[in-house]
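In order of appearance the chains are A, B, C, D, E and F, and numbering begins at 1 in each one.
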Amino acid sequence: MDTKIVLDTLWVLLGAMLVFFMNLGFALVESGFARSKNAVNILSKNFIVFAVSSMGYLLLGWGLMFGDGNGFIGTSGLWFVGGADNSPAVGDAYQGVYSAIAWTGVPLWAKFFFQLVFCGTAATIVSGAVAERIKYLAFILFSFFLTLLIYPAVGHWIWGGGFLAGLGMWDFAGSSVVHSTGGWAALAGILVLGPRFGKYGPGKRINPIPGHSLPLATIGAFVLWLGWFGFNPGSTMAADPGAIAHILVTTNTAGIMGLLVATGAAWLLLGKPDLGMSINGLLAGLVAITAGCAFVSVPSSIIIGAAAGLLVVLAVVFFDRARIDDPVGALSVHLVNGVFGTLAVGLFAQDGITGVATGNGLFFGGGFRLLGAQALGVVTVGGFVFAASLLVWFLLQKTMGIRVNLKEEIQGLDIGEHGNVAYPEFLIHKPSYHVANGHGHGGGAAGGGR
Amino acid sequence: MDTKIVLDTLWVLLGAMLVFFMNLGFALVESGFARSKNAVNILSKNFIVFAVSSMGYLLLGWGLMFGDGNGFIGTSGLWFVGGADNSPAVGDAYQGVYSAIAWTGVPLWAKFFFQLVFCGTAATIVSGAVAERIKYLAFILFSFFLTLLIYPAVGHWIWGGGFLAGLGMWDFAGSSVVHSTGGWAALAGILVLGPRFGKYGPGKRINPIPGHSLPLATIGAFVLWLGWFGFNPGSTMAADPGAIAHILVTTNTAGIMGLLVATGAAWLLLGKPDLGMSINGLLAGLVAITAGCAFVSVPSSIIIGAAAGLLVVLAVVFFDRARIDDPVGALSVHLVNGVFGTLAVGLFAQDGITGVATGNGLFFGGGFRLLGAQALGVVTVGGFVFAASLLVWFLLQKTMGIRVNLKEEIQGLDIGEHGNVAYPEFLIHKPSYHVANGHGHGGGAAGGGR
Amino acid sequence: MDTKIVLDTLWVLLGAMLVFFMNLGFALVESGFARSKNAVNILSKNFIVFAVSSMGYLLLGWGLMFGDGNGFIGTSGLWFVGGADNSPAVGDAYQGVYSAIAWTGVPLWAKFFFQLVFCGTAATIVSGAVAERIKYLAFILFSFFLTLLIYPAVGHWIWGGGFLAGLGMWDFAGSSVVHSTGGWAALAGILVLGPRFGKYGPGKRINPIPGHSLPLATIGAFVLWLGWFGFNPGSTMAADPGAIAHILVTTNTAGIMGLLVATGAAWLLLGKPDLGMSINGLLAGLVAITAGCAFVSVPSSIIIGAAAGLLVVLAVVFFDRARIDDPVGALSVHLVNGVFGTLAVGLFAQDGITGVATGNGLFFGGGFRLLGAQALGVVTVGGFVFAASLLVWFLLQKTMGIRVNLKEEIQGLDIGEHGNVAYPEFLIHKPSYHVANGHGHGGGAAGGGR
Amino acid sequence: MKHIKAVIRPEKLNEVRDALDKAGCAKGMMITDIVGHGGQKGIEQVWRGEKYTVDLLPKVMLDLVVRDADVPTVKEVLLRVAPIGEFGDGKIFIYNVEEVIRIRTGETGEAAL
Amino acid sequence: MKHIKAVIRPEKLNEVRDALDKAGCAKGMMITDIVGHGGQKGIEQVWRGEKYTVDLLPKVMLDLVVRDADVPTVKEVLLRVAPIGEFGDGKIFIYNVEEVIRIRTGETGEAAL
Amino acid sequence: MKHIKAVIRPEKLNEVRDALDKAGCAKGMMITDIVGHGGQKGIEQVWRGEKYTVDLLPKVMLDLVVRDADVPTVKEVLLRVAPIGEFGDGKIFIYNVEEVIRIRTGETGEAAL
């Protein structure tokens, strides 16, 4: 057996396992940021979503994304990864219908599993944004369509040899393909669902709804941080020492800058270094570097991460002011910084820094060419995913309904949807508070203890 | 240094680490599924069990399992992995007393550690089944004997060149060796211990005893899921790209089918998609594919996983009706699906699908030959482990007693056995409930808060 | 690409990721061992400390540690890892300013990231020791100086080709460089800060202050255990099968002996097998083997681990009697056993056991030469780190103050420092107790619920 | 002075507090998380295959000590704001208080409220 | 009407509830988790090497408001079912209630129980 | 017999218990974790960018049933030990108790305290 194949396979599978583990990270950040009365629901969603994605992506998603076809969609080897394929053969030796990913010399199932965990990530992003009000079944069905159809289409355009790749758009590990796709789908869901009961009062009043466990959220953040070392460096899909070491460091550097800047910004703006904001800051930095981790230098990653840390703080405030109710900050993290990260490639890319011929970005003398391609990608992906997701959400709403009824929402989805409670033995009560920008007691009728 | 040795060692050790990490998974699933008053006890058991296994397996277990000997037990190099051995030499070049495992070309200590983590898994399975009533010391001693003697014997028969391997039984990663062994030992323990106080009322009344933390249990489930990617693909003990990618996908596919089907079955039968059942479903699918992950196709893994998902739901109900009190569902997951998974090899195996010459299973034209060997293995392992475990449990019961006294059980084992409580600052109370199949208030005198 | 470079890089990065993950382990052990009113603060410290370390080590720490210079400090390539370097070239082929680490043939950024995670570990050790009373900002600044200046200096002496290495001192994975450095810095901090309010009463009275969550602490312990399999075996910085398998087993064996002996000792001394002590025992064993894991045999690792398990129990009692208030046992684990582990190399080393020419330790006929070098290292490192840390702590105290005010301490640092509470929905109350060695109600005025 | 103990739905707590504030008759209050049952039926739950009904439901117990003159207002507010018209709306119990003391100042009687 | 406050062992709660149900004299109740101490001694615990005694033990406080006529029955039930005969069995306190109102309907007096 | 209900700062609980012990007038007590508000202002918190004030603060409610003769001592102890002199020091409420029964023995009246 060719040693390179073994090395590449080990690396790809290690990366895939780390990204798989991010499912736990999302489950914990999201459930920690939500109220205990909805914790079982969120854990259940995050627990089943990878199973649903695995089904959707195995069934058809992989085929649409990587099957040979036209610039818009794969048309060969569609079902059950069933097309002809002689992986790990590469280059001219490759014979099969998944030629867009024939550049990496690993077995077909290794390719599949690696791509699957990315697809699963996109789906899991939606979960947090629509939390605390969506029906379990509606979420399952949406995830199925997302991973069966929507994500694979975008993936085809950028990673499957489709038209955006052809136009010179670069997205190394998925700021657009994964994060902004998840983000746009989430935004559509939020708009169709509406805000949680009690989140917005009359006038400009915004009621904060604190999550129930910062320890859970922090565990989740560390797990995601670890997972990203598979997400970005793993996306080489080849054990190229120089590239993976470089990517690991740009990834970590952007993450820590996001964390530091968001913490500092919260400290200055709010007077306190809020841990929830630090967590969002880390994730923002990681999302923002995802597109460019292999294309930019370590100093550039410092700047990108820092900008992401600031952006996420502003975005959280913006979405709240705009009454777009995103319980965990998924839009601020994945959508805003997915878009920013994609554009940042157009600004900071340095041709061939880890061997990939991206051309230079605006700040490195490459002019607007790359930036233009990136912007086009952002707009196209955003337009398509948002529209397609809106459609799916609407269809689900018309047919089965996507939001639990008010009584169930007030009581908590855990009882209504699952017949479980997260902590049956603990005494739990709803904290009562006054809000700075309102009057009266916060949360209004936003629902009682458990 | 031969590159293949390096590659194989990296893969084996990565796999071993992932399997080691399953100790955390078991600790969390089991403590989450138990009441808070026993959480310290369960965490302590799962924390110390790998230490105890490490001792038992180092002292003698490894030698009995892999030492050259007869078809029933190893007789050479018994103590402290101290026999002659020139690993990583393989094949004819190998000189030493552990020839049954000389096929894998990694250093002796790598072999040892990899096998150790499997042995530890068998021991940790018992922990959950006997939870909430067993004395800490009794559990420690039982684990020691299990890993010193019982597990190594079974392991010798199947993986150590013993008679079951000779008869053509196949168990790739341990549905029988690890999971059913743990399961039978657990069943013996449950029968000797009896049910928890308050679990069964007069007549047919069964009192559910909800666990105290679904978040803990869910973290545990994700960690186990990750760990299984070491458990099954790692069991190649060689970095064979095609095989490990294949095994990874069959493993994941069976797991998700178990999860999906168990969730669906609970939804239909109980009206709600119970998260605890989803977790058991995932684990059931993973256990069931463990024997056959390298021998069956991806489509077959879908069927095996789906069947496991259904089996586990029925088994949970069955054991409860039979008044066999298994607080975490360990029997339904590990015993029932360990047996099923072993038999499934006899049904679904496809000769040489990842290069191993198992012959075909019943559904692939192999007739009953393989199925017969598998069934024989199931019966032999079951008979021996159950009898040997019964003996050990009885001896422990006669000498030191294995069950805490009633007062301690009602108060919780944490105080009685450890002098600790899990959550000293939280207000905890026992939920009070009516049971569908009984009358009066659930839990009867089953014990108060903390 | 040279296969060895790829193999070594994969191994080094895998090790680095595992060590990175130890940040989560420390966060959980420390927050679990503290009261809930300070949990957000501890999680925040552990969350930001790796970001701060990343900054400090990138900015200057790496350069001081590995830059060519004199026996005391690096003087070349100081800033931003910016010196000339043609890694992964090794030996004579190496050209650059980081020649002390040119023995490992991996890319520069891989070296950097691997060393960074060790540096981060030293900083995170301090966090637990100064918990429940230190200002967030003071901790951040101290960590910055520690990783910018103090740790790199010690690292240079031992791992960066400095004078201690020259004198024949050996510290394979950092019992001294990482653990005792963290420990001495923590001791200095504790002495400047003073004990927590309410910890010590009049006379000899010591008030235990139980931590708020043993489940969190146990998760943390498992994560650290896993991480150590990167910490020690990874420190080969080369994928040498025999060495890494050996190290893995000595590491695990010492850890489990620490766990078993500490559990047993607590059982005998206190009448109960206290889980908190078991956790400290495991960590003590792991710390103690860190210096010698590659230099001692598996039987020796049993003895070292067992001694560590005893030492940690005695040390916990000693520090409490000495009124040195270390909420999580960081000194007993990292300082005492870091020192012991370093000395143990001088006792148990066997020349070339994994290929390194350390010479033999006292018990293997090497006389006092090696032990002397180790002792010199212990004293030098201790003297320097303690003095330098004291200085930094004093400067911080004089300029900004390092301790929160009493009111904030009583109310909990979470509100005061972060404006968050860890569990906003749970009813929390301070347990009330009598202490064996005192009279009156424990905790005195030590502060209320949340 | 009278002690008014009101057992209400947890989700009504904030509304009730707002209304009492507005009515100006609740200078202080004690709030306790209890479980209870009256006419309301329980919540069905599932645990790994077994159904059961949690029949003690979470309630909030509001304890107010008020001047005799304020009793009617408090009653009126509670009866207006607290119910949703279903079983489980709760009850009001009224007791006599013999003495009240403000710990900070030692004031007693109505001045201490 | 009388308010009967019974402090009992948590593990006796279900038995007591069953017995009160059977006796037909508890239409509603409030249950609070408290800690307390009386004659019972504490529970010894250990924290990383230090022993201490938790001397406030968990109890359940049962509050029932009942018709005057039901007081003897409730007392009888409690005295029969709640004790195990050791320190810590708990106490019963009885108070006068001036008024009871059902929030849902506004009914008062014994009709509201 | 009288029922003394004292709402105090949680951090004062142990001191108060010690003082009552010394004064020899608290044979038993019930302690409940409540939240409340009186004159004290709330605690400012932050949640991912939004500030708010938690205005129900944790308090400890101490319930003692004592002989009439012990009431002044208990009051004195509480007024001496419980306050720190700021808003939020708490209050004392005193009620009449009609009957006390020790569950273990069935004793009633002052003998049951």
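A few comments on the model shown:
FYI, a residue touches a chain if its C-beta (ideal position, glycine included) is under 8 Å from a C-beta of that chain, and two chains touch if they have at least 3 such contacts.
Just so we're clear, the structure is a prediction, and the values are computed from it rather than from any experiment.
Contact with subunit B and subunit F alike is made by A, C, D, E. Subunit F is reached from subunit D by a rotation of 120°, derived from superposing Cα atoms (nearest 5). Interface subunit D/subunit E: under half of the residue numbers present appear on both copies, so the contact uses mostly different residues. One finds 34 Å separating the Cα centroids of subunit A and subunit C.
For the pair subunit C and subunit F, the distance between mean C-alpha positions equals 45 Å. Residue positions 32-33, 35, 45-47, 51, 56, 95-96 of subunit E are each in touch with at least two other chains. Residue positions of subunit A touching 2 or more other chains: 3, 7, 10, 14, 210-211, 213, 219, 270-272, 274, 276, 418-421, 423, 426-432, 441-442, 449. All chain pairs that touch, listed by label, are A-B, A-C, A-D, A-F, B-C, B-D, B-E, C-E, C-F, D-E, D-F, E-F.
If you check the complex, the residues on subunit C that touch subunit F are 410, 415, 418-421, 427-430, 432, 440-450. In the complex of the two chains, the subunit A residues touching subunit B come out as 1, 3, 5-7, 9-10, 13-14, 16-17, 20-21, 23-24, 27-28, 31, 39-40, 43-44, 47-48, 50-52, 54-55, 58, 80-81, 88, 106-110, 112-113, 136, 213, 216, 219, 417-427. Across the interface of their complex, subunit A is touched by residues 9-15, 17-18, 33, 43-47, 51, 58, 60 of subunit D.
In the complex of the two chains, the subunit A residues touching subunit F come out as 33, 206-211, 266, 269-272, 274, 276-277, 280, 313, 316-317, 320, 329, 429, 431-436, 441-442. Interface residues of subunit E, counted against subunit F in their complex, comprise 2, 6-8, 32, 34-39, 56, 59, 61, 75, 78-79, 82-83, 85-87, 89-96.
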